[in-house]
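Below are structures written as structure tokens.
Next, two complexes with subunit A in common: one pairs it with subunit B, the other with subunit C.
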Partner chain A sequence: MNFLYVTKKLLSAFLTLIAVVIFNFFLFRVVDRDPLAKYRGRSKLSIAQREIMIERLGLNGSKWQQFITYIKSTARLDFGRSFDSTRPVLREISDRLPATLLLVGISTILTILIGVYIGARAGWQRGSRFDRVSTSATMVLYATPEFFFGMLLLAFIAGRTGWFPTGGLRDVGADTSGFASILDRAHHLVLPSLTLTLGYLGSYSLIMRTSMLETLGEDYLTTARAKGLRDRDVMMRHAVPNALLPSVSFIAISFGFVIGGAITTETVFSYPGLGLATADAIRNTDLPMLQALFLVASSAVIIFNLLADLTYGLLDPRIGRAK
Partner chain B sequence: MIDSPVLKVRDLYVTYQSSFGPVPAVRGVDLDIALGETLGLAGESGCGKSTLAMALLRLVPPATQISGSILLDGQSVLTMKPGQLRLVRWAQASIVFQGAQHVLNPVQRIGSQIDEAIQLHHGSTSSTVREMLALVGLSDGCADDYPHELSGGQKQRVMIAMALSCNPLLIIADEPTTALDVMVQAQILQLLDNIKRERGLSMLFITHDLSVLSHNTDRVAVMYAGRIVEVGPAEELLRGSIHPYSRALAESFPIIGDPKSRHQPKGLAGDPPDPNSLPSGCPFHPRCNVAIDSCKSIDIKLSAVTKSIDRQVACVHANDESRSVK
Partner chain C sequence: MSIEAVQVSPRQMTWLRRRRALLRVWRELRHDRSGFTGLLLLVFFGVVAAAAPLIADRSELLAAAGRNNPDLAAPSAKFLLGTDDIGRSVLSQLVWGSRVSLFIGLLATVVAVVIGSTVGLISGYVKGRVGSLLLAIDDFFLVVPFLPLAIVLAVILGRSPVTLALVIGFTSWAGSARLVRAQVLSLSERGYVERARALGANSRHVILRHVLPGVAPLIIANATLIVPGAILTESTLSFLGFGDRLSPSWGKLLDGAQSSGSITLNAWWYYLPPGICIITVVLAFTLFGRALERIFDPRLAGR
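Right after this comes the complex of A and B.
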């Protein structure tokens, strides 16, 4: 990986972001003829208040002027106020971002680690007991939507045993600082992250298994065996590093679905993160919130893909290593 | 001459399992290679040369059936435990694989791929990556390169360096120069020749092309449909082959570097037989221009010819002076 490759990827991520920002402008101007119809402020709007709101939302003037206003405020991260709570959208989002980052981060790491392990081993030992059992299991996981796991976990584990809370971020009235609070939050995270992990484990491990199968016939594996390496080392040192390459791209592409999964998972567990905020904003047609949430989700996908590209560059010496 | 051969193969059968059923790729091969000797193994594509080479280190797919015996420096390869087999691989015999393009791991540095073998068998060798690269005429800097940064010839040199890194008794070179251009072919052959002489190595040199065998081999074996049909001292065999197939192969010395001339020996009609449906009797009879009726039903075993003690041929006409074969 060289400087040129990194620059190219950064630039392309940046341009994609710009395109998303521009797209966002049009998207939210065609959804509703009267964006204020669903405004649920504290009282009904008077004509004068309406005028003020329209100006605040940047909906006055020609489309071109509106566009300029939109770009300027987006650049300042000023997304206006939520129709629902009337608090600044940026505040709403920054309050909820950590919870979602934690949930999606933990689930993604778990999914990748477990999925890659299962897929690599199943592919390597094709047709073995491990392969048959894990492939059937991951097929089922793959075919099941994540909210279903959420509901199962909620009903059977949280509901029956009471070992885990049924929702929320922390216990009401619990300490908000110190070690106890960390434990409490972790306790609340277990079922949602398990749900999200189960939801995407199937696709990640099936992807890795397929890449592994494609690697099995490669000549360099025969070379490695001929050298006298044990089977495990042939797999870990030669097969896995090569099979990871196509998986990295697939995993990056599927990250958008994980974000979708976060919305349903947070809704099922009333976990107050950005996913739940999105569900609420959709229900309330809270346009300023939706607009900002859409940007956040798109940026997350763009950043994740950028990370994947950089990882790929690190793993594959053939990428951008001009000589 | 062959008191304690480095390699002694007896009655070797290798049968692949495919979705169409068993594929008998090697069918009863006997082979001896003495210390310091080079045996050339020639035959058309698909006759089982690579299968034989791979079977010598049990590198065929796990479902494949192998029977017979393979003694490598006196040790029985086919019956040893996996742990023992791993010690024998590369330290006793190493392989320069056919098609150097894909035999190196694309995401691992050259140096570390060579070093991996050295570390694994450090009991049998004290070589360093540097020394091995120098031996095959590559610079130190190559150690830090990845395979895609090297030319085909350089990759083949790396493969040779790797094959030599653990000081094996036997090197199996499976068409080491196919897919290289003519100049590079000559260089690689020269390199192998020099190294072999310097180190007193035994070698099994596999090729399509009889012409490359004349100067660098001691004995030559010709393979057809999974069997050896003729074997003998290189010069004698190349000058006057007895088996009709060897003759056809020898007459068709291809033009080096012209791939079209390689696969279709001149004056030899038809394709090599499919191991799944071998002709009855002598498997060569459908293409043989001196076949007699009995060839369709009787399969002649490889046996010594009367006129030379070192020659063995599998043909009804082997000792047939009157039908002297032209």
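Right after this comes the complex of A and C.
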């Protein structure tokens, strides 16, 4: 992987980010002609207060001036105040970000590991019992909305057995420091991350299975077999690494879906992260929050795609090699 | 006999050929077990949606309809699937919900397919600035997470079913544009397209008369695979608060089940049926769409 490749990928990620920021302005200031009309307390505002709101939302002046104001404040990470809580949006987001990062991080790692394993094995043993069962199962997983998984887990595991809490981040009144608190938080994470993992396992393993099938006919597998390698080694050393390559970019694109899944999963489990904040912002028509949350979600996908591109460069020596 | 055959106009010949191709697809579908099962399920849900007024009266969806019924009552002879938290029959809502879910899913797909095919056809066929601009737009929409985008658009544009369908369609065309573009690129190299161009046909003619028929099977198979995604997105958006409680889709029913606490109350008749309907319809579309893909693209056979 050479310098040029990395620079190119960094630059394209940066440009996409800029495009998202501009698109965001377009959505909230051009498509939405009167953002203030969605502020629920607007009828009680005096004329002076209304002026202040317009000033605060950056709605004064021509669209061009508004755009400049918007760019300046976005660059300072100033997203205004939430309509609902009236706290600064940045505070709301930074308070809730760690919980979501933890949930999405754990689920993504689990989904990739399990999905790649199932997909690779199913593709390698095409037509076998494992392939038939796992492919049918992944189709059903794919067809199930992740929040329905969450509801089922709540009803049949949390509700019936009481083994896991039904929601929240930690027990009320629990010790907030030390080992016990880590256990408590892990306990609260089990069902939400299981929900998110089950929700996206299907698409990840289907992707891996397809790219495994693509590699099956390749000559280097015949060569490896001719060398006398055991079937397992041919699969692990030759087929899987090559099949992983195309999967990397597909998995990166699917990450956008996981972000969407976090919104409903957090809603089902009242897990106070950015997803629940999004659901609340929808119900309260909290435009400043939505605007920032959309930026955060898009940036997360852009960063994840960048990481995938860089991983791709590391995995595939042909990419980015100086010619 | 032979004289008659000569009198068939080119147009009629084209239609004869298409009819034969359609019959071939039907024959292969009959032998594709999972694809045919999917089709049967779709026919079932289509009939239920069409016959909704015969199965349950629309007035049963009104908030007032449940006033004299017990709330969250378990299934009984009167209410085969029990009642919801305001006493309305769950079965009636489920039956009418199939209309809402299928309508939004299909309309969204039409929007996505029209945008996706147009962008794919033009960006694949037209080189130069227009082509690369469209490609860049497509790239952008592939990266932007579609659910947050759909949420933002739905909040800004309104929450009616038609708006939801437009929003979902507008956020799910990028993948199919990419597919269509790839197919167009490979078709443009074929002899018959070059021949048409050499004979002086303009881009419009070549795209509509020669390239579009070539990519049409792919577009159809792909559309069948967009529907399940659109139905899932609709259910997600409804679950998050969009949509109309008095004319609920399956996702909206799940939202009602969740917010009324039916889970802690063990009211399984409220939350299980809509979830199972969503899974079944999505699965049916996926099986059917994958079968079409296999039939149109023999390289995929045996997968």
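Operating definition for what follows: the second predicted complex is superposed on the first by the 312 of 323 C-alpha atoms of A that agree within 3 Å, B and C clash if a C-alpha of one lies under 4 Å from a C-alpha of the other, contacts with A are read in each partner's own complex, and residues count from 1 in each chain.
The rule is short, and it goes like this: a residue touches a chain if its C-beta (ideal position, glycine included) is under 8 Å from a C-beta of that chain, and two chains touch if they have at least 3 such contacts.
Quick caveat: nothing in here was measured; it's all calculated off a predicted structure.
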Key: Simultaneous placement of subunit C and subunit B on subunit A, clash or fit   = fit
Request  = May I ask you to name which of subunit B and subunit C touches more residues of subunit A?
outcome  = C
Ask   = Of the two partner chains, subunit B (first) and subunit C (second), which one does A:206 touch, if any: first, second, both, or neither?
value = neither
Inquiry  = Under the stated touch criterion, which partner chain does A:289 make contact with: subunit B (first), subunit C (second), both, or neither?
reply    = neither
Inquiry  = Looking at A:267, would you say it contacts subunit B, subunit C, both, or neither? Reply first, second, both or neither.
reply    = second
Inquiry  = For A:241 in the superposed arrangement: first (subunit B), second (subunit C), both or neither?
reply    = first
Subunit B versus subunit C as contact partner of A:140, first or second or both or neither = second
Task = Give one of first, second, both or neither to describe whether A:23 is in contact with subunit B, with subunit C, with both, or with none.
result = second
Message = For A:229 in the superposed arrangement: first (subunit B), second (subunit C), both or neither?
response = first
Partner chain in contact with A:315 - subunit B first, subunit C second, else both or neither = first
Query = Which holds for A:155: it touches subunit B only (first), subunit C only (second), both, or neither?
reply = second
Remark   = Superposed, subunit B and subunit C have a smallest C-alpha gap in Å of 10
Key: Shared contact residues on subunit A - subunit B and subunit C   = none
Residue ranges of subunit C touching subunit A (in the complex, touch as defined) = 139-140, 142-149, 151-153, 155-157, 228, 232, 235-236, 239-242, 251, 254, 257-258, 263-264, 266, 268, 271, 275, 278-280, 282-283, 286-287, 303
Subunit B partner contacts - residues on subunit A that touch it in the complex = 218-220, 222-230, 237-238, 241-242, 245, 315-318, 321, 323
Message = With touch defined as at the start, can you tell me which subunit B residues reach subunit A in the complex?
response = 54, 57, 59, 86-91, 94-95, 97, 99, 102-109, 116-117, 120-121, 146, 148-149, 162
Task = Quick one: which bits of subunit A touch subunit C in the complex? Just the residue numbers, please.
result = 16, 19-20, 23, 27-28, 31-32, 38, 126, 139-140, 142-145, 147-148, 151-152, 154-155, 159, 166, 210, 213, 253, 256-257, 259-260, 263-264, 267-268, 278-279, 282-283, 285, 287, 290-291, 293-294, 297-298, 300-302, 305
